[in-house]
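Lettered A, B, C and D in written order, each chain numbered from 1.
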Amino acid sequence: MSNKSTLKPVKARITDIRKMTEIENLVTIKFQNPEYAENFNYTPGQFVKLGVMGVGEAPISLCTAQSDNSELEFCIRNAGRVTNAIHSQKVGDVIWVRGPYGNGFPMDEFYGKDLLLVAGGLGIAPIRGVLQYATQNREKYGEIIVLYGIRSYDLMLFKDDVLHYFREGDAEGVKLYLSYEDQEDLVLNGLVSERDDRITNGLVTKLFAIMDEPADNTVAILGGPPIMYKFTVMELEKMGFTPEQVYMTLERRMKCGVGQCGQCIVGTGKSIKYVCKDGPVFTLWDAMNTKGMI
Amino acid sequence: MLINILEKENLVEFFEAMQSYGEVVAPVRATDNAHRFQPVKGIDELDLDYTRTMIPPKKYFIQPKETLFTFNKEKEKYLEPPSIDKSMVLLGVHACDINAMNLLARVFMEELPDKYYLERRKNSVIVGVSCTPDEKCFCKSTGTDYAQEGFELFLHDIGDKYLVRVGSLKGHNIVKDHSELFAAPEKGDLDAFKEAEKTRLSSFTIEIEMSGLQDHLDMSYDDPLWAEYAEKCLGCGSCNLVCPRCRCYDVQDYINLDMNTGERVRMWYSCMLKDHGLVAGGHNFRPTSMERLRNRINCKGSLREEMPNCVGCGRCTVFCPADIDFVEILQKVRGDIK
Amino acid sequence: MTKTIKIEELTRVEGHGGIEVTLDGDKVKDVKFNVFEGPRFFESLIKTVHYEKIPDITRRICAICTASHSLASIGAIENAFKVKPTPQTNTLRDLLIHGETIESHALHVYMLALPDFLGFPDAFSMASEHLDAVKMALNLKKAGNQIHNTLSGREVHGMNERVGGFSKVPSQQELLDIRTSMEEVMPVAELAVKLLADVVPPKHNVSENLLLALDSGERFGYMGDHILTSAGERVHETEYEKLTNEQVIKHSYAKFSNYKGKTFMVGALPRLHLNGDKLEGKAYELYKQHKELIDRNNTISNNFCQAIELVHDVERCIMDVDELLSNGLDDEDLVEFDVYESRGINAIEAPRGILYHDYSFDDQGRITKANIITPTAQNAANIEKDVRVIAGNLSGSSDETIKHAIEVMARAYDPCISCSVHLTRLK
Amino acid sequence: MTKPRLGIFSLTGCAGDQLQILNMEDELLNLVARFHIVDFQEGSSHKESGPIDIAFVEGSVSTETDLRHLKEIRERSSVLIAFGNCATDGCVQAMRNGETTLAQRLKDVYGVEPDYYDALESKPIREYVKVDFSIPGCPVEKDEVVKAITSLLHGDSPLGYSYPVCVECKLHEYPCVIVEDNKPCLGPVVRAGCEARCPGLGLDCIGCRGPVEDGSNFAAELQMLLDKGYTEEFIMNRLRIFSGELPEDFLGGAK
């Protein structure tokens, strides 16, 4: 009874709110009905509609992995009416949830492969779910490389995770690289203890030059703004990634999340797609065949 | 396919019989250009010999504006409107509109059923009627000029009789319950039907080749034609709102002055409106009217569930205040005209 | 010793105006009715505009008497092109203007004036002690608005009344709904008469008033084409300029009206004084019963006259609906006509008094010249006269007393400063 | 919880938007009870100084006094809402801006020398102060006002109408007066929210809610009406009734 069938949300309660940046909070929620939680099956890259009655709903990525459904985390940027309303909720308040919706990253198709995760800005949210999933099922995947681009330390999301993988990533087979646009002293910010060659100044694409050469069987998993995709794809193609080896998640306006409201439409005659239902995860091959996708 | 014959002189009785299945909704002349589906009490109010309504009959399944639920914040509850048990007879629907509803039915009834659509369709009887195309109809091109399914009964005008095709078990039961009104078809009736169909098919004046259209659209992505039409387009959204196959909608919450109760409302929307592609932070995926127009035509010409998103009813052309001709655009896309 | 008493801004009136009195001992030296409402130049704006959209623009002169403006405007256009509206249209218009008067008088009597007499700053605080009365008043106002909504298309700046008729004739059911509402609010209108009959008008503003109102014909009402004066004259509307005699006066405001050198008053008091005997039904009875309260020389009794009119309006709306329904509603089209170079003048009784619209057209039906004179513009000089009288009579009292007395008097005119198109402050 | 301090102010106009508040007969007392009202010129004699949480400003700036008043209100208010078409787009008194001069208009109406007055060319308030939201309309729609107020009380920004009157016209299934009768309807370029009142009565929309923000293709509207045989003067008079004070490139086409 995952209640996918209508526009009816189910009740959940906020159990924790953590401020991540000036405009982003990590919000933890718990379903009121345990049965619902038990049946809430999803893969990273899928999303839910989170709603506040009287204001509306917003599509928000699941940024956790499947292991334990009793609580779900969402990284939410205060970007407008609904997200602002979510930000003004307190622990204990009700939040209404529908979903999970869309196609996530096909994690089981990636078994045995290396993963190259590339995230920019808020795009880290779904990527973090992939990372959690992969580390929870560590034996199923090869090497994991994470490239994360941010503007400045202040705007960095999931700082704890980033710190963790910087310190202990090697032991877990996760290599994290970081690029930041603004000139800033990350040493002083306490992120790293000394100058680190996993960190560079500039756009996320700069990291391709310093990271280890990925193996042939690597899949690239992208989360970020359209402009990041354009440049990242160019780099990946140079490195020999085929269009089926590159996955990305898209953002569009969505009202229903189930392929009815038509607001997330992309593409041309042959390849009209609804991002919510046919995506939000697409391969580069999809994007190449769908004008206007990236 | 079960076939029956209904004499036109039995139409009044037929109408009265239909009234026993629910409120009869049928085309009524509204203006020079259009009819309107509305509830009728007597057969003299309706007009089965019509070309098109402005708003398609889909309005009875997904309403222009409807409350999805009302909520109470303090009680942490919401309440859907009571189930719809009122039944309705939609009388006099053209094949194009039936075909359009068949696509909507897939979207709203099959994979992820919409309570509202489902209940309304379950409680309705659809009676189709044959028509004669006018100079804006092109349903023959879109392959939607003949309805194979999605109705209970379909009346084909064959002179002083109707040949009635039965489209569902419900339709069959209607015939059974009123067998005195129907007769078995005779050879002459079948001939008349064939004749009528021939006449109908030969009266189309416009045509657009649909095969391969999708690739033509793809190839025209950067064609100057979009900008040309965008200059004329008012961005008013009328074309979408009159389209029987458009189903974009918007959802909005409203809270009452008690600051506690309120409702979530769904409303028809249009991809020609400027914030259709707008997301938070002000980024718009289709910021110009050129992009929006191109998107609409692409969506219409695309194949969704193996059906084009257009059923050739001609409404978007007829009701565009700026006189933008949909078929003309497609003809340009195909290179039929310059 | 001179001193100046200043009412910075009159409240519970439409628009912005203040009053300033300069006293020299117990002599009134100067009175200024300051209007700081910005000028809007309607007569200039509508030049070259096609007649068809003139009412839509000129009705925006005023919100509360929007239909009076549109009907005056439509009337002037119809007079110019000799358009004869159908009897049904005339009755619908009568219904509309009576509905407007209900809405306007209910607002003024209950929400704006009554708080003065009961000692509250506004109807909202009055509601704390007189909740039922306020709620009833709101219902009365709503019933007036219902007529606006049905006939005109919305409560403020509607659109349905057109040159030649109504774009959409209301349905029988809509008219029946109006009738029901009118029956429901009848007691509220009567209550207004009762409440105001108990108010003893202060003596300090008694002074001679010249009164002007439209001759409403055989029945009491708000339409007619002649103007009556309390001096016994009867003048055709086309000669209105003789009456209003607008002049730009170089002291503190522009364009004051006077008739033969005298200030005059328009509004409910003049209407009842000049046409009261033509009232019908309950309104007539109440009028007869309380005739002594209608003091032509005390403008405060304008409030009471409005209350009597409320009763008349409610009764009249019922009569109009009955007439429309018994004649059978006809879904008639607008009357067709030709346009040519012409001039048209029309007067109508807006809730606050006589309103004139005067247009000249070219042969395409475009405006070449316009003149609009609103009731408050005509009353302004009389208000100033009353201020002099009050200040003189009360010169020994405290400033507060004088201010209050002036405000109450000014409000009794129900002044609508925003629509006084011709009133504008000079530097 | 302390009640938000509300001020309802008016500059030059017909006071119709304040009147619309008084016209909410059913909600009025409820609505007033939600606020601490510091100023409501048309409805109350009670006035207070001090800060204002929400200010509704109706009317356009047409005199120096208006301008001073407006600036003062802005200083005092956290949220300032342009209330009605006058405040939002200038309304009818701005319909000749840029076409005739103020001096000419004064002379037309009063026949006197212009330097007499403190009048200014009528302008919408956004020309002088920062406006947080606009509730357009001549007059404002009561429904929209209630929605805006509940949004604000709830801590959300009010929703506007980003689409034209045609949308509502179609949702009501009103016959299109352009298609049916060639009437010069402005619905395609005018902001919705009125539930297409005019077309609903068989009339062409005259645009009392002002243009759709960033979405009006005036050039196409003009061309369409020219094609239907209207003269440019006629169309411009029509377009200007409520959109006189528009950006200079208002015939430059939609974005």
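Convention: a residue touches a chain if its C-beta (ideal position, glycine included) is under 8 Å from a C-beta of that chain, and two chains touch if they have at least 3 such contacts.
Please read all numbers here as calculations on a predicted model, not as lab measurements.
Q: Using CA atom means as chain centres, which chain is nearest the centre of all the protein shown?
A: D
Q: Could you let me know which interface, B-D or C-D, is made of more C-beta pairs in contact?
A: Looking at C-D and B-D side by side, C-D shows more C-beta contacts.
Q: So which chain is farthest from chain A, going by the mean of the CA atoms in each chain?
A: Here the answer is chain C, farthest from chain A.
Q: Whole-Å distance, chain C centre to chain D centre, using C-alpha means?
A: Spacing between the chain centres: roughly 25 Å.
Q: Rounded to the nearest whole Å, what is the centre-to-centre distance of chain B and chain C, using the mean of the C-alpha atoms as each centre?
A: Comparing mean C-alpha positions, chain C is 52 Å from chain B.
Q: Let me have the rounded angstrom distance from the C-alpha centre of chain A over to the C-alpha centre of chain C, please.
A: From the centre of chain A to the centre of chain C is 66 Å.
Q: I'd like the Å distance between the centres of chain B and chain D, where a centre is the mean of that chain's Cα atoms.
A: 37
Q: Find every residue in chain C that makes contact with two or more other chains and list them.
A: Within chain C, no residue contacts more than one other chain.
Q: Got the chain A residues that touch at least 2 other chains?
A: Within chain A, residues 54-55 contact more than one other chain.
Q: Quick check: what residues of chain D touch more than one other chain, meaning two or more?
A: In chain D, residues 154, 159 touch at least two other chains, as defined above.
Q: Let me make sure I understand the interfaces: which chain pairs count as touching?
A: Chain-chain contacts present: A-B, A-D, B-D, C-D.
Q: Within their complex, state which residues of chain D touch chain A.
A: Those residues of chain D that touch chain A are 154-157, 159.
Q: Considering only the defined contacts, which chain A positions touch chain D in the complex?
A: It comes out as residues 54-55, 81, 84-85, 88.
Q: For a test of understanding, state which residues of chain D touch chain B in their complex under the given definition.
A: Within the complex, chain D contacts chain B at residues 27, 30-31, 34, 146-147, 149-151, 153-154, 159, 162-164, 166-167, 170-173, 175-176, 178-180, 185, 187-189, 212, 214-217, 219-221, 223-224, 227, 253-255.
Q: Under the definition above, what is the set of chain A residues touching chain B in their complex?
A: Against chain B, the touching part of chain A is residues 4-9, 11, 53-58, 77, 79-80, 83, 94, 251-253, 255-256, 258-263, 265-272, 291-292.
Q: Flag every residue of chain D that touches chain C in the complex, lowest number first.
A: Those residues of chain D that touch chain C are 10-17, 19-20, 22-23, 25-26, 28-29, 32, 37, 40-47, 59-63, 65-66, 91-93, 95-96, 100, 104-106, 108-112, 115-120, 122, 138-139, 197-198, 201-203, 206, 208, 233-234, 237-238, 241.
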